[in-house]
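What follows is chain A paired twice: with chain B in the first complex and chain C in the second.
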Partner chain A sequence: MEILGYITLTIFIAAMLLMLFRKLNFPVQTVLIAVSLICLVVGAVFRSFTEGWVGVILLPNEMIGGIILHPITALLAGLFLSGALTASGGFGALKILINKLRKTPIGLAGTLVILIQLPVIASLPCGRIIGAALLPLLFAFGFEGGMGLLTRAQLIVLIGSFARNAFGSCGPSPIGGVGQIGEGFLGAFFPTASEGILRAPQAFSLMLGTAITALFLKFISMKLYPKDVSLRDLPEGGMEKKRESEVRGSFRGYLSLMIFLASLLISIFQPFGKMPVQTVLVAGGILVIILCRITIRDMMGGIILLPVSAMAAGFLAAGALAATGGFNALGNILKGFSNIPFLGIAGMLAIFVQIQTILPLSCSRILTAALVPVLYLFGPAKFDLITWPQLAIVMAAYMINATTSCGPSPLGGAGMMAEGTMRAETGYIKGAFTFSSMAVMAPLAAIYMKFLTLSSFPASGLQFERNVWMIIGFTVIIFAANAIMIKLTNIFLSGNVNRDWWYQLLGFVIPGAIGGAILAFCLYETAFLPIIQGTIGGIIAALLIGLMVPKRLGPTETVE
Partner chain B sequence: MADQDKDQKDKTEKKRQRDDSAQPVVLPGIHRYQFFSNLKDRALTKNLNRLMMFGIITTLGVDIIKPLFRGLTQTIYCYECRACYATQDNCPVGIPFQAELVVASRVSDYRRFINNGGLKCVRCGNCTSFCVQYIELQEVFGQMQTITMDAIRKGKVPKGVLVRAMEEGLVGRDFIADVADVLGKRT
Partner chain C sequence: MTLCIGVEVVFTYITFTFVGGLSGAIIAFALDMKSPKEIIQGAVGGIIAGFLMSLMLPQ
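Entry: the complex of A and B
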């Protein structure tokens, strides 16, 4: 059975890499389903020898078990409500409100910053809900969307950073977020962990990671892939014309907007008792149908099937891997890393926390559910490689990395919605998203957990003030180091695809090393060897992440 | 140097063009790289993509309809957030991964259900209070226990799974006699 796991894991990773490097140019769903079927056939052959026919016929059920219905239904509900808003003129009304808001002291920049951070404020259990509902609105800020308030470059940064924030916001969500998987495990030692031990570190690092994403998109992605976004820029003098053209809001629009906001608030605060977010959103959609007199067809128009089917295909591939022991093999490989002298436990953990950024799947829940139990077993519960507080620190870093991994996933990840909205080729945001997860979010979450959350959970909060200053210090260092790195890489980019890619890789490796060292410091404080091991682990993880950032995005067929 | 850069840029520009007509025709209407490319008008892959899409929709359908027919409707609402793992010591029989049991119940995955201790659950309901969706977990597990035992009696569960469950104490006292009986008959 163990060898079967290694075989199916190899098949899956090979298919992913081939797809990533465009050697397998089929739609993502086709490849993933094909991989699932191959894994299933290989699994069936193995099982026919070990367990006979009885074992074989159980395989399809085990594969279907990989499907997580919640993100699929959440996305559908988000799209459903977004369709209703579009049809009833809700987005028009929102445009008018935003126009008014930008004339207030917070201005356009302040309004946009609030919009970008809205997902982490709302913290819904799946970022796709708010993403599906608000991405069309963000598009409207550009020339093609009608408002003409932002240039093409500004719109790319706005959409990208909003998406970064949204597709990680499932982590700190207290109503079924992914972070709760880790909190459940930490409850074995921290009695109140399930009340949100991981929430603050995740939200904090996500906020700052969003800012780094914006910088990366502006200074690196736009220069690396200058022609891979087909958004049109404002024509000469067009901005003024656009601004002048008055958008008129209707009563129906305002009403639907109010229903939408009420639905979001009810989803977040659950004032009528616990209920699924999907139920609230669909009920909101039905209210819009009745009160704003739109048809169901209008509403269905908002549903985009591709992200749904790609996500489902991703789940099936993960299900096939789980059924054939692929994830167990991955866990074994990771644990084996700790026996390598130059990596040790610190280096292995530095790689472990980045594993979902290295291997981004369509929904972070897939790998998180498989790997968090492995991480838990590294602690005092079984292998005793790390203590409980150390486990909490690694969990915080791992979890933010995991929850943000659906963003850069080319296998039906949520980020594809953002790429679609900015009319970009698949993979455009991968560099920015993976960089911010790896270099900023993971180390920041670890720092926050070590110096603030852990000191307020057990009764040892004596050094509170000193710890807050430590967090501020580290935050400034991490942010400044990465911003400088981005700016430096930007200076070196020259338009030569191959050379630029190497510069970018170097730009990944150095922050990766810093991230690994910071994680090791959080775990072992000033012990020299673990910091070196953490640095090496960070470099390996960064290399793997950086290598997967596409060189070019467009088609590579040569014209003879 | 500047000329070289310009040449390189021109080359890249050329590479980027999606020019179908420049490709040699291998069959009437089909250009060579259409077999491998992501162009809209693929000939061979079109039906393959349709088939895969059909597969996805069917599986999603099965995933939802199956629990409906088996009386396990509540499992559809599970977020799989694993908040129930916080049950920890409150579970009298020490089941660590409750969410795994919910997913196993939804898809009738007997192996997953047994391996995660589903057959030793005493249906006390302590884990229910941790569920963010208020799923009546004890009801779900009870129903799935009945279904699993039925499958065991019909010989639908591999013998190895049952032997391992017995060895590791994963079968509760309510079912231990039945499972031992089935194993006895199979040997």
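Entry: the complex of A and C
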């Protein structure tokens, strides 16, 4: 059975690598379903020898049993409501409100910042919901969208950083968020963990990660891929005219917007008792249809099926791997890493927390559901490699890194929605998204967990350290180190595709090393060897992540 | 115990308004809004966002 796990894991990883490097040019859904079927056939052959026909017959059931329907239905419900909002003119009303907000003392800059950080505040169970609802609005800020308030470069930063925030916001969500998988396991030691032990570290690191994404897009992505966004810039002298153009809102638009906001708030705060988020969102959508008198045909125009089908195919593949022992094999490999002297436990964990950014799938839940149990087993529950508080720190770093991994995934990842909105080639935002997850979010979440959150969730009479100055200090250090690296990389970029890509890779490695060292510090404080091991682990993870960032995107850059 | 919870909440507000303000200023800069007024507006927007986020966390 163990050999079967290694075989199916190899098939899965090989298929993903071939797709990531564009050697397998099929839709992600096709490849994932093909992988699932191949794993199923291989598993059936193995089981026919080891367990007989009973084992073969049970295999498809085990595979389908691993599929998590919640994010798929939540996404469909969110798209249903946002489709209704689009059809009823809700975005027109929102544009007017934002126009009014930018005339307040916080101005356009403050308004855009709030808009960019809105997804993590809303904390919906899938970032695609708010992404599908608000990305068209962000597009409207540009010349082609009608408002003409922002230039092409500003629009790329706005859309990219909003998407970074949105496609990480499902982690700290209290209503079926990804982080709740980890909270369930930590509940074995921290009695109140299910109240949200992982929420604050994730949200905190996501806010700064969003800002670093904006810097990366501005200084590196736009320079690495100058011709891969087909957005048009403002014409000469056209900006003022566009600015003055009136955006008209209707009563239907305001009403649908109110229903939309009410649905979001009810989903988050659950004032009428616990109910599935899908119920609230669908009820909101039906209310919009009835009260705003829109047709089903209009509403269906706002529903995007690509992420839904990609996610379903991803869950099928994960189910096949789980049923054939593929994830157990991965756990064994990772545990074996901790026996390598220069890596040790700290180095292995520095790689482990980055694993979903190394292998980004269409929905982070696919691997999270399989790998969080592996991480749990590293703790006192089985292998005893780390203590419970250390497990909580690693879990925080792992969870935000995992949660944000759907953003840069080329396999139907959520980031493709943003790339579509900014008219960019697939892979444009991958560098920025993976950099912020690796260099900012994982180490910062660990710091926040160590110096504040642990003290809020006491366990077995233990007193944990609480030091707000350490959090602020490390936040400044992480920001400064990454901002300097981004600026340095920007200085060295010269337009030579191959050379620039190597500079970018170096720009990944140094922050990766710092991130690994900070994680090791959170786990072992000032112990020298673990910090060195964490640094080496961080470098390896950064290399694996940086190597996945595409050198070139569209056909326009084929000639060097 | 009540005092302890109060301190945690205050620390949460402080850390989130700090990271919100810092992020807001960085985002404003990245959006080519580089005048002191725009940077401050971005920071204030970030502080509002950070404070709202901290209100949404378990108390």
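By our rule, the second predicted complex is superposed on the first by the 544 of 560 C-alpha atoms of A that agree within 3 Å, B and C clash if a C-alpha of one lies under 4 Å from a C-alpha of the other, contacts with A are read in each partner's own complex, and residues count from 1 in each chain.
In this section, a residue touches a chain if its C-beta (ideal position, glycine included) is under 8 Å from a C-beta of that chain, and two chains touch if they have at least 3 such contacts.
Because the structure is a prediction, the values reported are computed rather than measured.
Q: Given the touch rule stated above, what does A:T151 touch, chain B (first), chain C (second), both, or neither?
A: After superposition on chain A, A:T151 lies in contact with chain C alone.
Q: Using the superposition on chain A described above, determine whether A:L108 touches chain B (first), chain C (second), both, or neither.
A: second
Q: Which partner chains sit in contact with A:E419 here, chain B, chain C, both or neither? Use first/second/both/neither.
A: neither
Q: Quick one: is A:M207 in contact with chain B, with chain C, with both, or with neither? Answer first, second, both or neither.
A: Only chain C; A:M207 stays clear of chain B.
Q: Give one of first, second, both or neither to describe whether A:A313 is in contact with chain B, with chain C, with both, or with none.
A: First partner only.
Q: When the two structures are overlaid on chain A, which partner does A:D500 contact: first (chain B), second (chain C), both, or neither?
A: Touch status of A:D500: no partner.
Q: Could you pull out which residues of chain A sit against chain B in one structure and against chain C in the other?
A: After superposing on chain A, no chain A residue contacts both chain B and chain C.
Q: Going by the contact rule at the top, pick out the chain A residues touching chain C in the complex.
A: Residues 105-114, 116-118, 120-121, 123, 150-151, 153-154, 157-158, 161, 195-196, 199-200, 203-204, 207-208, 210-212, 214-215, 217-218, 268, 448, 452, 455-456, 466, 468, 471-472, 475-476, 479, 483.
Q: Inside the complex, what are the residues of chain B that reach chain A?
A: Per the touch definition, chain B meets chain A at residues 5, 8-9, 12, 14-19, 22-23, 33, 36-38, 45, 48-49, 52-53, 55-57, 59-60, 62-64, 76-86, 88, 96-97, 99, 103-104, 106-112, 130, 132-134, 155-161.
Q: Once bound in the complex, which stretches of chain C touch chain A?
A: 7-8, 11-12, 14-16, 18-20, 22-24, 26-33, 37-39, 41-42, 44-46, 48-50, 52-53, 56-58
Q: Name, in rising order, each residue of chain A that touches chain B in their complex.
A: By the definition above, chain A touches chain B via 25-27, 29-30, 33-34, 50-52, 54-55, 57-58, 61-62, 64-65, 67-70, 72, 125, 174-178, 180-181, 183-185, 187-188, 193-194, 227, 274, 276, 309, 312-313, 316, 365, 369, 372-373, 494-497, 552, 554-560.
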